[in-house]
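I'd like to ask some things about the structure below.
Here the chain labels run A, B, C, D and E in written order, and each chain numbers its own residues starting at 1.
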Amino acid sequence: MLLVQNIRLSRILRNTWQVDLIMIVSCVAAYLIREFLIAHHLDIPAIIPTVLGTAIAFFIGFNNNQAYDRWWEARKVWGGLVNDSRSWARGLIHYVDPTDVQLARTMVFRHIGFLYALKASLRGETHNFRAEYLTAEDETAISSHTNLHNAILALQSRDLQTLARNKSIDSFRFIELNEMLVRFTDGMGMSERIKNTVFPTTYSYLTKVFIWLFVVSFTLVISQSMGVWSIFMGWIIGFVFVSTQINGMSLVNPFENNSASIPLNSITRTIEINLLQMLGEENVPAPVKPINEEYIL
Amino acid sequence: MLLVQNIRLSRILRNTWQVDLIMIVSCVAAYLIREFLIAHHLDIPAIIPTVLGTAIAFFIGFNNNQAYDRWWEARKVWGGLVNDSRSWARGLIHYVDPTDVQLARTMVFRHIGFLYALKASLRGETHNFRAEYLTAEDETAISSHTNLHNAILALQSRDLQTLARNKSIDSFRFIELNEMLVRFTDGMGMSERIKNTVFPTTYSYLTKVFIWLFVVSFTLVISQSMGVWSIFMGWIIGFVFVSTQINGMSLVNPFENNSASIPLNSITRTIEINLLQMLGEENVPAPVKPINEEYIL
Amino acid sequence: MLLVQNIRLSRILRNTWQVDLIMIVSCVAAYLIREFLIAHHLDIPAIIPTVLGTAIAFFIGFNNNQAYDRWWEARKVWGGLVNDSRSWARGLIHYVDPTDVQLARTMVFRHIGFLYALKASLRGETHNFRAEYLTAEDETAISSHTNLHNAILALQSRDLQTLARNKSIDSFRFIELNEMLVRFTDGMGMSERIKNTVFPTTYSYLTKVFIWLFVVSFTLVISQSMGVWSIFMGWIIGFVFVSTQINGMSLVNPFENNSASIPLNSITRTIEINLLQMLGEENVPAPVKPINEEYIL
Amino acid sequence: MLLVQNIRLSRILRNTWQVDLIMIVSCVAAYLIREFLIAHHLDIPAIIPTVLGTAIAFFIGFNNNQAYDRWWEARKVWGGLVNDSRSWARGLIHYVDPTDVQLARTMVFRHIGFLYALKASLRGETHNFRAEYLTAEDETAISSHTNLHNAILALQSRDLQTLARNKSIDSFRFIELNEMLVRFTDGMGMSERIKNTVFPTTYSYLTKVFIWLFVVSFTLVISQSMGVWSIFMGWIIGFVFVSTQINGMSLVNPFENNSASIPLNSITRTIEINLLQMLGEENVPAPVKPINEEYIL
Amino acid sequence: MLLVQNIRLSRILRNTWQVDLIMIVSCVAAYLIREFLIAHHLDIPAIIPTVLGTAIAFFIGFNNNQAYDRWWEARKVWGGLVNDSRSWARGLIHYVDPTDVQLARTMVFRHIGFLYALKASLRGETHNFRAEYLTAEDETAISSHTNLHNAILALQSRDLQTLARNKSIDSFRFIELNEMLVRFTDGMGMSERIKNTVFPTTYSYLTKVFIWLFVVSFTLVISQSMGVWSIFMGWIIGFVFVSTQINGMSLVNPFENNSASIPLNSITRTIEINLLQMLGEENVPAPVKPINEEYIL
């Protein structure tokens, strides 16, 4: 998640230099073709880039809207995980009979492990965090599973049933806590859905093709009155569209490990701090710090 | 679900060649008519294609938005089935008394059968998968039903009641598991709704008519300054609109068996793997592989 | 619900001939006025129809979006009724004690009667279907009510309480089944809301006025370069807007008995078939057939 | 809620005459300024009103969309109150032990009183209706509260607890009925939210300013070719935007007592009729009648 | 929340004077460059600002829509807190056994403290309000927590369990009240999500860059026909876009302490009044008053 209000133009140029190069070459070619091949034969009417502009406006708007929706939905899903994690811990700490307080604590710790495992899976990280929050026995139990976080939830269900069998919670409280497990399953599955569903690639492909068509025809048209300057203007206008498109696409996969993504590190840490404080732990880690005062992961 | 970022233009041309032909013929006709019939009688003002462009922009935007919404809703419905399947299995495995573990396992297996039956129905496939997950008795019981997956859910209800009568689950756990059956009914019905509701055909019909009107009037207008080149430009611009429209329409029926559809094979297999691992099965199938590294079904 | 992809143009012309006539008369008048009154006095700038086009584009887009939303919401409501009807029947068949199986069957049959009564009310039909699914006693009980389907739900509540008093269901199952009655109440009320709420009439009224203004000013402008052909072009462009508007408005009242409406006959029949098969009935009606292979009601 | 399809133009002119006057004066001024001050010095390019038109199109579209959303949400909230009122009455009538039938009836009557009190508060009416549905004791109890409808709900909770203490309902039915009270609280609070939240006034303010800028620059531009007729055309185009804006804003406060509002009188009466018939009352009021066949309140 | 319909133009100019200055300087520069450097060498085609206008229209529309959505979601979240606070108090007052009435009252008071703590955290205020509604013991308990409002909810859970252990509420009522705590957790977390998630800064950055590009190219184009007046018109049009953008951005952080924000002071006070009156308190504070009749905080 970006924090700074002013993005350095250099950062944008660094992201777009390949496309910029293609556009400049295309503009030069368009200019030369018009100047030496078609200048005296035919007029290129301005309606051509105008109509193409309409198509591009639709595409860029569509792509940006859908990308933002994916990003915001991802943020909501993890916001939901924050809320339910607090309700889960509150329930285990206050509604479980004192005789089983140790098991309840284990289940809160294991939940932090669940979040780190889910985060690692979404970010494609190696699973180095969970060790401190899972017991050795837990680690063995889940090791044979391809989906580690789902396996951790199964352990929670097993222990919830144990709490019920021990009469440490009655069936009503069992239902309430199980409801949280169902919600974690939902949040986990929704994150996986956003991560695994490729935004239809035809949209970004057609956008690229149409921007290129636009830049070429635009240069052809304006070179009629602006001459060699049309190369510069063609690139500027192309740059406007390209940077808008790239900007939108930076949100489409909100669980990647880059500056525009949902700050999973920071959110997971917030939950960790809340839960440890609710457990009365002294040793609480500090919140995640921004990188270069520029963005937070 | 398409995986590759760069669609070969040949694929798009293959999808649109009939429309391309119609457009080129129309453009040639428009060019000839203007050249030999009306060139010296009247000017065709550029406002005509401009206004038509507005109407087309609305239509293409509308169609694409609604098609994407259907596609994304379909994905969400199956994402929900993933989540609830895991909660269903987790509940049956951990909350049922050990004396009835066999029946609980049967119910998890039968659920996989339910998913394959639903998938086959949505895709219009013959039901060849379910045999391995349903008992022979089950198959007989559902054979007289026109809606197989609904019939399988009825069997689950019957066995859930059996678990309750055996006191293997108390009424609270019964309610929790029944809630999952209600959700499966919802997911199943929502899938059927998307599959069976034809997107209002007037929208795509009018879009086609208006694109054709646009291409003709556009060619008439630009042929005034571009001559025979107007045929080429008319087709290019028409192609932009047509490919956008076809692209959108490829998402409108997300349960068909093509490269743009929701990857039901892959999702069902993911659930299958999760559930088998939760049951502790050794023999777990591999995830579905992409076809030609290009798309996944 | 329309099934065919190609609407005959004759059908569209039949729906719009009155408006077409008004437009043609207006275009002729506009042409004559310009030709004989104002041709030599003043130029009519193209910016006038262009700006009006913007306003119309907003209106037509807005109307179409809201109409489609009403239509799709109506479809979702009835999709929900499909799902809950299945859950209702599944619950009554499997969760009620065998001693009360007859009452449970009556309640499933009565539910089909409820759906037919609701459908008849939404479509403004006379209530000729329900007789087969309601007992004579039921018919007497509801006869004094203005809202028949609501009265049927009250009977279901009464019998659900009877099942509970007979101990044929425990309180948990009572709650589950009552939840379905609450959902039917919701689906019923949502259908009535969509049916009874008139889409703000100012929107379609202003759309008509602005299209007329547009057609007249458009004809005035293009007649400066196209002469008498402007009458034809004015009508064509007007036709584009009018048919779009009429197309959208055909979805705004999705419970009417026409080819664009939600196919309530077909959906009700689907539920009927599912429920009868779940009850093990032999005598199951056939699905509703499309009319002329063109649409389904 | 308007019922007629054709709004008399006189009604629209009556709503807009002040703005019309301002616009006509502005157009005359613009015409005179151009004619006598700047005609021979400079050309006013058409791009100025065109660009302003884009900004206005955004504003008017935005305002209309948000206003309609508020209106439709308000309608949904009251649709929800219809549904839950029926479920509330059905539950009290059928699930309460016959020994407490009188208290149950009182609670249904009091609910009608709640709806009238809520409606009166939203509409800013004096509370003259509730007397017939509340007991004298109720009236005393709520008299000290600033929020009467909230106070009535508290009485319902008190009596629901009494029903439970009398064992006339078990805890399951208590929960079901209490759930309805929670939903009434939600519907009540959502209505208050829509009523009390002022739509950001900057939007309508800027819209007015930009329409004025547009009308002036538009008149300046077209007066170059149309002379004195530009005053008329400037006003016509301004009228199109103004009437669209005013039309949208008529929906933004859907609980006011005017022809475009949600018909609270009619909806409340519908619930009243349903509930009285469910109670078996003979003396049922007639539905609310439209006013002048034109709109319903 | 702004109350007045007419914003003083001076207020808008005060908010935008820095940008206005930059724009005027840019317009002057553009005018001078064209006049003395490029006037006789090349024509600047109007299509350049037109195309840029399309891009800006997309950006401003997108930013405004998303900002409004954040604002309206924030309002809904706090509307939900209003509703659930009333249900919470109603439940504690009427469903708790008279023997524990004192503890129930404490829990209602503490809830007001929770709301003030949450409000203070969202607004970044110092926590001076909560003292009157929390016991000294409560204050000690939460003092070690970084998230005070979450800590208060934990106290509520602890006391709810006490009520249940004392048999002052049965498990059903426990569940109902706990459900409210879960909803408070959700409302609290959703508020934090909106507050802590920075709206992607690239959007407002690119909007600024593109408006600047637009103003410059627009001035260049119109200076060809309007001369020195183009400076004024360039600024006017730039002002239209800038004020629209700033207006939208004023809603993007709805929990800040300014005139456009959600009126948290007023909403919290409303709940406070409702709850105190439900408790039968005599000493009820007055509603929050608007500031300068202009806005309410």
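Here, contacts are C-beta pairs under 8 Å (C-beta built on N, C-alpha and C of every residue); 3 or more make two chains touch, one makes a residue touch a chain.
Nothing here was measured: the structure is a model prediction, and the numbers come from that model.
K.L.:
If you walk touching chains, what's the least steps from chain A to chain E?
P.N.:
So the least number of steps between the two chains is 1.
K.L.:
Starting at chain A, how many touch steps does it take at minimum to reach chain D?
P.N.:
The distance in steps between these two chains is 2.
K.L.:
Since chain A and chain C are copies of the same chain sequence, what is the angle of the rotation superposing the Cα atoms of one on the other, rounded to the nearest 5°?
P.N.:
The rotation relating chain A to chain C comes to 145 degrees.
K.L.:
Need the CA-centroid distance for the pair chain A / chain B, whole Å please.
P.N.:
24
K.L.:
Identify all positions of chain D at which a residue touches two or more other chains, and write them in rising order.
P.N.:
In chain D, residues 50, 172, 175 touch at least two other chains, as defined above.
K.L.:
Please list every chain around the ring, with chain B first and chain C second.
P.N.:
Listed around the ring from chain B, going to chain C first: B, C, D, E, A.
K.L.:
Report the residues of chain A in contact with chain B in the complex, numbered from low to high.
P.N.:
For this pair, the touching residues of chain A are 42-45, 47-48, 50-52, 54-55, 58-59, 62, 66, 144-147, 150-151, 153-154, 157-158, 160-161, 171-172, 174-175, 178, 181-182, 185-186, 188-190, 192-193, 197-198, 200-206, 210, 213.
K.L.:
In the complex, go through chain E and note every residue touching chain D.
P.N.:
So the residues of chain E touching chain D come out as 1-7, 9, 46, 49-50, 53-54, 57, 60-61, 64-65, 68, 71, 75-76, 79-80, 82-84, 86-87, 90-91, 93-95, 170, 172, 175-176, 218, 221-222, 225-227, 229, 233, 236-237, 240-241, 243-244, 247, 250-251, 260, 273-274, 277-278.
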